[in-house]
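Below, chain A partners chain B and then partners chain C, in two separate complexes.
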Partner chain A sequence: MVSTTEAPAGDIDPRITGTAGTESQWQLIRRRFSKHRLAVVSLWVLGMFAFVALFAGFISPNDPGDVKARYTFAPPQGINFIDRNDDGGWAIRPYVYGYDVEVNPASLSRSFVIAENKKIYLNFFVRSWDYKLFGLIPTDLHLIGPERSRDPFYILGADRLGRDMFSRLAYGTQISLSVGLVGVLMSLILGVIIGGAAGYFGGWFDAVTQRVIEFLRSLPTIPLWMGLAAAMPSGWSPLQVYFAITLILSLLGWTELARVVRGRFLALNGEDYVAAARYDGCSHGRVILRHMVPAFTSHIITAASLAVPGMILAETALSFLGLGLQAPVISWGVLLQEAQNIRTLATAPWLLAPGAAIVIAVLAMNFVGDGLRDAADPYAS
Partner chain B sequence: MTDDTVLQVRGLSVAFPGRRGDTTAISDVDFDLRLGQTTCFVGESGSGKSVTARAVLNIVEPAVIKSGAIHLVDVKAGQRVELSGLDPDGAEIRAVRGARIAMIFQEPMSSLSPVHTIGQQITEAILLHQNVDATEARARAIEALRAVQIADPEQAIDKYPFEYSGGMRQRAMIAMALGCEPDILIADEPTTALDVTTQAEILRLIRDLQASRNMAVMFITHDMGVVAEIADQVVVMLHGRVVETGPVDQIFHAPTHHYTQKLLKAALGLDAAPARQRDTTDDTVLLETRNLSLRFPSKGRIFRKGTGVQALDGVSIDLRRGEILGIVGESGSGKTTLARVLMGRFQPQSGEAAYHTRDGGTRDMTKKASFRDGLVYREMRMIFQDPYGSLNPRMTVEQIVGEPLLVNGLLKGGALRTRVGALLERVGLPASAMERYPHAFSGGQRQRIGIARAIALDPRIIIADEATSALDGSIRAQILDLLLDLRAELDLSILFIAHDIGVVRYFCDRVAVMHRGQVVETGTALQICDHPRQAYTQALIAAVPIPNPRKRHLTLT
Partner chain C sequence: MLTYIARRLVTMVFTLLALSVVVFVVIQLPPGDFVTSYIATLAASGESVDQEAINALRDRYKLDSPVLVQYASWLGELLRGNLGYSFEMQMPVGNIFADRIGISLAVELTAVVVMWAVSIPIGIYSAVNQYSVGDYLATIFGFLGLAVPNFLFALILMYVCYNWFGVTITGLFSPEYMNARWSVGRFLDFASHVWAPILVISSAGAAQLVRVLRANLLDELNKPYVLTARAKGLPRRTVIWRYPVRVAMNPLVSTIGWVLPTVISSSFVTAIVLNLPTLSPILLRALLSQDMYLAGALILFMGLLTLIGTLISDLLLAWIDPRIRLGMVGAN
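Here is the complex of A and B:
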């Protein structure tokens, strides 16, 4: 630290010592964000979701598409950790109880009962069914699974075809989150380019864009999605449908982000430091990229993080109505389709688990977005 | 304690509670307010003047009054009330606020509600504190408006704040404050946002009202000229402490504390400042405009052509080599528009403007194309008014100052770093400042960074648009001195735009006075300040407060 007393005459702030003021904008944002407790917790929750999405196969104990008619609507098994022997000793070893099937003599309907005499021991890092990690690396390693792979292990129960809800939920997380992120990413690209041009150059381009945005926003979204989704050729593969749905969502989603970006550009155009950059001789591109964009990246990230839940909800709504993603693709919306029937819900309430996942994910994203918004302006308050 | 002491403050300390302990705002402040006297609180921003005023009304939230006593004396009844111990939201203190102690603020527009008429806002205060009916309150409000010399108060009372000019709004605020005939009027920088002629009117008004109503006035300002014009007693504050108290004549002519002496030295009055003469005889004209006219069309009126604001109306100026040309005028006189035309932001509808470049060429400044290759921007640089808005908060000082050198391809890497360090040292900042972000610096330091950026390209002309008006007195003087040094060293010509005619005599060689888009008078600084020829210039000069209580001229009745 060079002594500030060398400088002439008194207006050197004596408070500037050491490393004060060397923190960048991002460091300030991080510090403020870390004070927002709810947002930090939500970030951890989202991190967990991201982990599940990335390592869906590793986390799933069962193949999500594996149909087992024996275990139709099998209820969730609670995992026990402390294993007590008959002679009073105990050990820490995770296990679940197996099922007994009871047949109701009057209605002849079958129902599952947790059989406390059948212990199914669980092991970590077991090898069972094959999958590809990140869609690339073939492996059969799983985080947890029953000792003998033929034993039933349903943490969140099984669905109509005896498929494991937990594994399906993990795979659904992968699809639903990626639809949200990719959709927002595409909206963001459209929004930043169109909104940025409108805000920076103004004039007729701005006027036309604003009218187009107003038109798009005046369209009722659900019927429009339904129309577009119905227009998709029925012969498309699930992958093509997936991309088409993402595209449809982002084609309508960019308007909000374009407005945010345009507003920031308009506000920044009046800033002296932007004028100073022009007088420094910067080209349009450099003014935009070096001087203006860094000033609102935090705003864009905030707007985007608040837009992701909208995308996820839209995908869920479409798939729930049967117009979005179709089986065998698994998404939260597709999973909830199974929960449309009130009678199945009465027998198997665990089919609503994807709903809980949606609520938690959307809330967490909103909290993180709020925290980012508050942290983005270190000079506020 | 004399009989007319209406407020006695002893040992007042206010602190902002924080996680890492309290931050002291003011500590151990003592002062008295007397009926019929004006006590000026003077000090630079952050010295605790406003906090002191708010503490008197017990509205310091989120801070808290730590210790001290504030005794409000009812002189007639001989009663004393202790204010500092009262509940800030309680009935007792609310009975004092507005009724016994009234306050007016710096920014009259944000202190008035835009959705209520002036009359509604004044009568509300009267109805709250006095036992009168609506008709009587309205009559009193009209009386109050008449007392603050608002023309035609019967009509003016039903107008909205936006229909008032800045000076009228401040008058309305005073009328509101006076509605309940308080003993004490607290004025927190009431004239800082106003033009100099309006400021003179408001000062005169406060002085008259105080004399006729025998009020005690607590007047907060950073302008020593205003202090000299209005004060009876002066309290000088520094870093939350009172460093000197005394009668105004003693403070100005026999100051004891070195900080008071420094403040006085920095007060650039029109009479005391050294008269400057241009020391070169080089008459080469670098920048000239002839009959520049610019009209901003009014928006939203497609069918009514020809209306709008005539921002510039036949402006002709010359900027000669090595000269400091001051452009002065009140807000809305077109001086900033002129700067923007010269920087190519707006194109005038008629007139000529030419810049004679270093290599002997001439650029037509009325055409956008002349600016496109950046040559003009390399030779003509700008210093901005707002030291906070003109530096990119996302860039380090090194990046900010180095940007013009980098984008013009002049320097990069280690050479750039060395040059930036040298520039920072040239403007009086340590080279180590380059790693920091702008938020670490005070206003004056930021303005130094802006100057370093401006001189980085070795320019010929600097346009300084109100470059010192956001700064406190002593810092303003330092920045002006820096610019004077740089001019001599770098052979700069400076176009200095200011609304504060007080700095002109100290800083400028020649002055052009602007009024409603026209240059009404041009002359040497000495001639404009001492022998203004035009009536407008005379009025402008006459309205400037003189920082010498023995030469009081604005508030004499």
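Here is the complex of A and C:
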């Protein structure tokens, strides 16, 4: 928006020249957001999650699907950084301790003991198992890994099949975050089209949409999601299931976004500049896209960002119950499925690690969403 | 008031019809009709399939008629109280309901009551003592309540109780009372088990209720009439309870609309993790084995529960707030 109105003299500090005194709406939003400290910290946390999701293969020291029966339920190894040798000297060099297996003579059950005499040194930028960076570039470079690639290295322990929880968690982040984003994108498309049409044209379409939204919001979501998810044919490929699940989530999730968009359209319909554009002979498309949408883009972004955690929680719940994503695919919910049994949980509490990831991610998203909501309307007092 | 009630009842009937359509679509979604898949499972387990029985089934559910006729006959059966037949569990859906409905309702209603009983005092406290230690604690717990999914909370609670106190908190009855008749002993046993699911189910909703009440009350506390009441020397307690709390409660009543769907959704997941003898594990099993008549009836029932709850909340709200009753503001 280019402002050409002359400000009355004395309103603007005469020392300010040029555009120094005017900031764009986005600059104002950014400034306002940066005052919300919790939101800024949360944004960094989310940035870390995004990094893990993008570079899951690079970060994972082990292949997430690699079954090693020898290390079933191996406990997490703590990384040590200061390496003391026998003659009292020390060096900074990361290492973990290996495992000894003890067999209980009475019950014959095996249990792992951290073996202080077996040091496994870790190197940065090691080459081990093959993966494709971003699904495109084949490479075998990893951030960190044991010196000899056959040594066990389990930062977060191993699961029932001796697979590395940390690597699985990294890959799960990829899927779980993307379900949230894709799901919200789909509900955003539905919400903007339906809510926008309802708010802009009003009339019977608006009335029907309102009733439908009210109806969908009065239903208990989880049982209904499950019903739809359960109806999926069992022969579908993981990719089909993935898209079906996100579609199901967004089919019931668009209502909130539609409400926001409709409300904004209704509010703006009464604005003078919108009426002026209409009297000027602009087409519906131009009135909407050129004059109305820029006025509430920030509100849509806010509403969308607040919808992402809900999507992630829903996907997690569905997958946890066995109705969502299925086993070869790794998501946080699929990972937590392993922790369903109290006995397993008692022997391997580290299987709950994906739960911590969920809580941190959802909290951070909520804080960022709150910060955005406060910043979305920089002209409000 | 009577016109208002009548109007709401008519809306509810239409909503219920819409719900039945959705549920019917869910029932129809799996590829192939259920009789075919039933035959397939029977054949897979080596049992012989009686062609006459199949024909009777196909005829009974009007599977060879157009979809609309199928829907009408299904709905008609429902209205006559015939909920259909569960192929997975080999018994009428109605019997399964009768077995478990009491426990389901007991757990859910107790959770709703506990949720309100806990969140109202906390909400009032944290609004009145804004930025106090208690307020910050309430805020932190509120955020955790929102961020921790119910099933995760249930898992953690299960782990903590098992590992630190040696107690398993799954189920609602000790083995000796499992199939016993109701008695004082069984009730006490039930009470000693039910706290865990109640705690989990009420946590998520309570967190949101506290937030809503706190925000409402903070708005009210800054209004001039509160200042007036204070200025004329009313004791602090009277100032808070007589006016602003009552005003702040109004929007809270309207939250029943979403509290019930939340409670039913979360009790669903919790009941499965904690292995409660409610309707939820049955629904999960029905869904996993695509026993769609049973699943459909259960989803319909859960929807019906929320609709009744919403109706009650609207009537309560109309009773409290004459503006809504008289149609001066929209009932939404």
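Assume the second predicted complex is superposed on the first by the 357 of 381 C-alpha atoms of A that agree within 3 Å, B and C clash if a C-alpha of one lies under 4 Å from a C-alpha of the other, contacts with A are read in each partner's own complex, and residues count from 1 in each chain.
One rule holds for everything that comes next: contacts are C-beta pairs under 8 Å (C-beta built on N, C-alpha and C of every residue); 3 or more make two chains touch, one makes a residue touch a chain.
A quick note: this is a predicted structure, and the numbers were derived from the prediction, not measured.
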If we overlay the two complexes on their shared chain A, which of chain B and chain C does A:P233 touch? Say first, second, both or neither. second
With both complexes overlaid on chain A, does A:P294 touch chain B (first), chain C (second), both or neither? first
Is A:I222 touching the first partner chain B, the second partner chain C, both, or neither of them? second
With the two structures laid over each other on chain A, which partner does A:C282 touch: chain B (first), chain C (second), both, or neither? first
Between chain B (first) and chain C (second), which does A:E214 come into contact with in this model arrangement: first, second, both, or neither? second
Classify the contacts of A:I358 with the two partner chains as first (chain B alone), second (chain C alone), both, or neither. second
Thinking of the overlay built on chain A, is A:L321 touched by chain B (first), by chain C (second), by both, or by neither? second
Just which bits of chain A does chain B share with chain C as contact spots? none
Which bits of chain B are touching chain A when the two form their complex? 262, 343, 345, 374, 377-378, 381-382, 384-386, 389-396, 403-404, 407-408, 428-432, 435-437, 439-442, 444-445, 450, 453, 474-475, 478
Chain C residues touching chain A in their complex are 15, 18-19, 22-23, 26, 29-31, 143-144, 146-152, 155-156, 158-159, 162-163, 168, 170, 257-258, 260-262, 264-266, 268-269, 272-273, 283-284, 287-288, 290, 292, 295-296, 298-299, 302-303, 305-307, 310, 332
For a test of understanding, state which residues of chain A touch chain B in their complex under the given definition. 1-4, 6-13, 16, 20-25, 271-273, 275-283, 286, 291, 294-295, 378-379
Where on chain A does chain C make contact in their complex? 210, 214-215, 217-224, 226-231, 233, 309, 313, 316-317, 320-323, 336, 339-340, 342, 345-346, 349, 352, 355, 358-359, 362-363, 366
